[in-house]
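The following pair of complexes shares a single chain, chain A, combined with chain B in the former and chain C in the latter.
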Partner chain A sequence: MNLKFHNKEIEGILTIIPAREVKFEEEMEHYNFSPAKSLKLKMAMGYNKHCIVEDGVCVSDLLIHGLNHLFDKNLLIKDEIDAMVLVTQSPDYFMPATSNVIQGKLGLKQDMICMDINQGCAGYIIGLIQAFLLLEQEEVNKVLVLNADVLSRKVSKRDRNSNPLIGDGASVTVVKKSKEQNVIYGFIKMDGVGAESIMIPAGGFRTPSTAATAVEDEDRAGNFRSPDNLVMKGDDVFNFVQREVPPMIEHLLEKASCKKEDVDYYMFHQPNRFMLQKLADKLGISYEKMPNNIVANFGNSSGVSIPTNIGFNIGSKLLTEQLNICLAGFGVGLTWASLLMKIGNLRFNEIIKF
Partner chain B sequence: MKDKITTILKEIRPEFDFTENVNFIDEGMLDSFDVVTLVTTLDKEYHISIDGLDIVPDNFSSIDSIRALLKKNGVNDES
Partner chain C sequence: MENIKEQLAELLEVESVNENDKLADFECWDSLTALTIIASTDENYGVTLSNKELEEAGTIGGLINLIKTKKGYEK
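Moving on to the complex of A and B:
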């Protein structure tokens, strides 16, 4: 589906990363593979360290820390927030919405909209799309896209498929109506047939968590996990990404009448370095224009890998320049989405620790 | 090319004999992570980039299938 938005802009991006860093080597002993084989995988996939929360830390903790940082520095005024869109797959509770919890804890005004969206790898793009839609309302002038996940708490430490790459994190993106005329191009598709490619099988209403769902089993590849844990069919996901993402980007650029070389940066969701390099090669884009260093430095924090990518790789640049940037997210759902927009002259674009 | 592929495979999974006429994937001699390591090594050794869409089990199930994939990427059989 093609999307087009007019006269919206990002005012600032803040990313909140857990201070706890765990090295790949520290966890190798948990895996049912030889150290030599694990180290080869480390090289190929770009694993190094990942940032994960301490036990009990929730997405609202990360986000409230980040929002208070912005309030304290006068980079955001509470009464100017007309809506908060929280995209997460690890909410504090089934109910109420975590965005409502955050609103209450921060003492924000009642005259606003709070909503949670259950999306993951493409969640940052979907949050921005929702923000653009809300900004069409006359009385909505500023929307916060809150994207956060603490999925390390749902990953088996003995699952080499997922544990080395998973990271936690949160981001606050301030989106507002723009005084300047601009056009933002978007594209999104979903395929629920692939819903089981990335999932947490137990813990919802379909299969509630019990003592039985907490029991770990060994899969064919020698990983141990339980139905309470996140499971990722890596082959399926890899093939889906290689099949769908390159044509999506080609299509988006064609719709925007934009040449590949006229895009300054391709800031994509980062599942692992190998997948990103294959996408860059396929699209004929240099690795400099499509950074792939987020998993190595932070881990894959689902949709939050995109604002982390922006903050880590072009953080200071976007404070003084405006660049033509292609954003893309792809994964759980299955969902794949992209945006082409100008981003720059931001009030803030930084990464802080929790 | 055949000897070089066999050497690379042996480095990845030293415990298996890749000269046997069996399906490497079905026999569990190569798992998906081994394939990633193999692709990374082949890309580097032959200065190519194997298309992501070609990274499917069938293309890594035997020495011949790997040779065919390399040829598709312009690698000469003598390399």
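Moving on to the complex of A and C:
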């Protein structure tokens, strides 16, 4: 589906990363593979270290830390927040919405909208889309897109398929009405037939967590995980991304009458380096324009990999210039979505530790 | 497709491969090797394979036949 938005802009981006860094080698002993085989995986996928929360840390903890940072530095004023859209797959509770919990803890005004959205890899794009829609309202002038996940808490330490790449993180993106005229192009598709490609099978109402769902079994590839853990069908996801993402980007650029070379950066969700390199090759885009170093430095924090990518690779650049940027997220759902927009002259664009 | 055996030998980290060699018996066989085969088949032949299909193909010969068949289909 083609999307189009008018006169909206990003004012600032803050990313909050857990201070705890774990090296790939530290966890190799948990895997049911020889060290040589695991090191080969590390090389191919671009694993190195990942940032994960301490036991018990929730997305609201990361977000409240980040929001207080912005309030303390006078980069954001509480009363200006007209809506908070929290995109997460690891909420504090089933109910109420974690965005409501954050509103209460921070003492924000009642005259606002709080909503949680359950989306992952494409979640940052979905959050921005929702913010643009809310900003169509006369009385909504500033929306916070909160994107956060602590999925390391749901990954088996003995799962070489998911554990080395998982990362935790949160981000706050301030979105507002733009004084200057602009057009933001978007594209989105979903395919629920692939719902089981990336999932946490137990813990919801369909299969509540019990002692039995916590028992780890070995899969055909030699990884151990339980139904309470996150499971990813690597081959399905790889094939889906290589099949759907390049045509999506070609289509988005065509709709916007924009040439590939006129895009300054392709800031994509980063599942692993291998997948990004294959995408860049297929699209004929240089690795410089499509950074792929987030998993090696932070891990894959689902949708948050996009703001992390922006902060880490072009953080200071975006404080002083405006660039033409293509954003894309793809994964759980299955969902794939992209945006082409100008981002720049930001009030803030940094990564802080929790 | 002429040098497919050489390509597979390289991915499987051996000097050469025979049609009857079982994929699962290669020393380096694991999910990563499977993924590199899936990726290179996509790149070189435009053919999409799943782990299940690789498993069912069983041998080098079975894999080559599968790629040939799918290449015919998908063209």
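Rule of thumb we're sticking to: the second predicted complex is superposed on the first by the 354 of 354 C-alpha atoms of A that agree within 3 Å, B and C clash if a C-alpha of one lies under 4 Å from a C-alpha of the other, contacts with A are read in each partner's own complex, and residues count from 1 in each chain.
Rule of thumb we're sticking to: contacts are C-beta pairs under 8 Å (C-beta built on N, C-alpha and C of every residue); 3 or more make two chains touch, one makes a residue touch a chain.
Owing to the predicted nature of the structure, the values given are computational and were not obtained by experimental measurement.
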Of the two partner chains, chain B (first) and chain C (second), which one does A:N239 touch, if any: first, second, both, or neither?
both
Just chain B (first), just chain C (second), both, or neither: which does A:F274 touch?
both
Which partner chains sit in contact with A:F224 here, chain B, chain C, both or neither? Use first/second/both/neither.
neither
Footprint overlap on chain A, comparing chain B with chain C
37, 40-41, 44-45, 160, 220-221, 234-235, 238-239, 242-243, 274, 278, 281
Residues of chain B touching chain A in the complex
12, 28, 31-33, 36-37, 39-40, 49, 51-53, 55-57
In the complex of these two chains, what residues of chain A are touching chain B?
37, 40-41, 43-45, 160, 220-221, 234-235, 238-239, 241-243, 274-275, 277-279, 281-282
For chain C, which residues count as touching chain A in their complex?
28, 30-32, 34-36, 38-39, 42-43, 48-51, 55
Touching residues on chain A, where the partner in the complex is chain C
33, 37, 40-41, 44-45, 160-161, 220-222, 233-236, 238-239, 242-243, 274, 278, 281
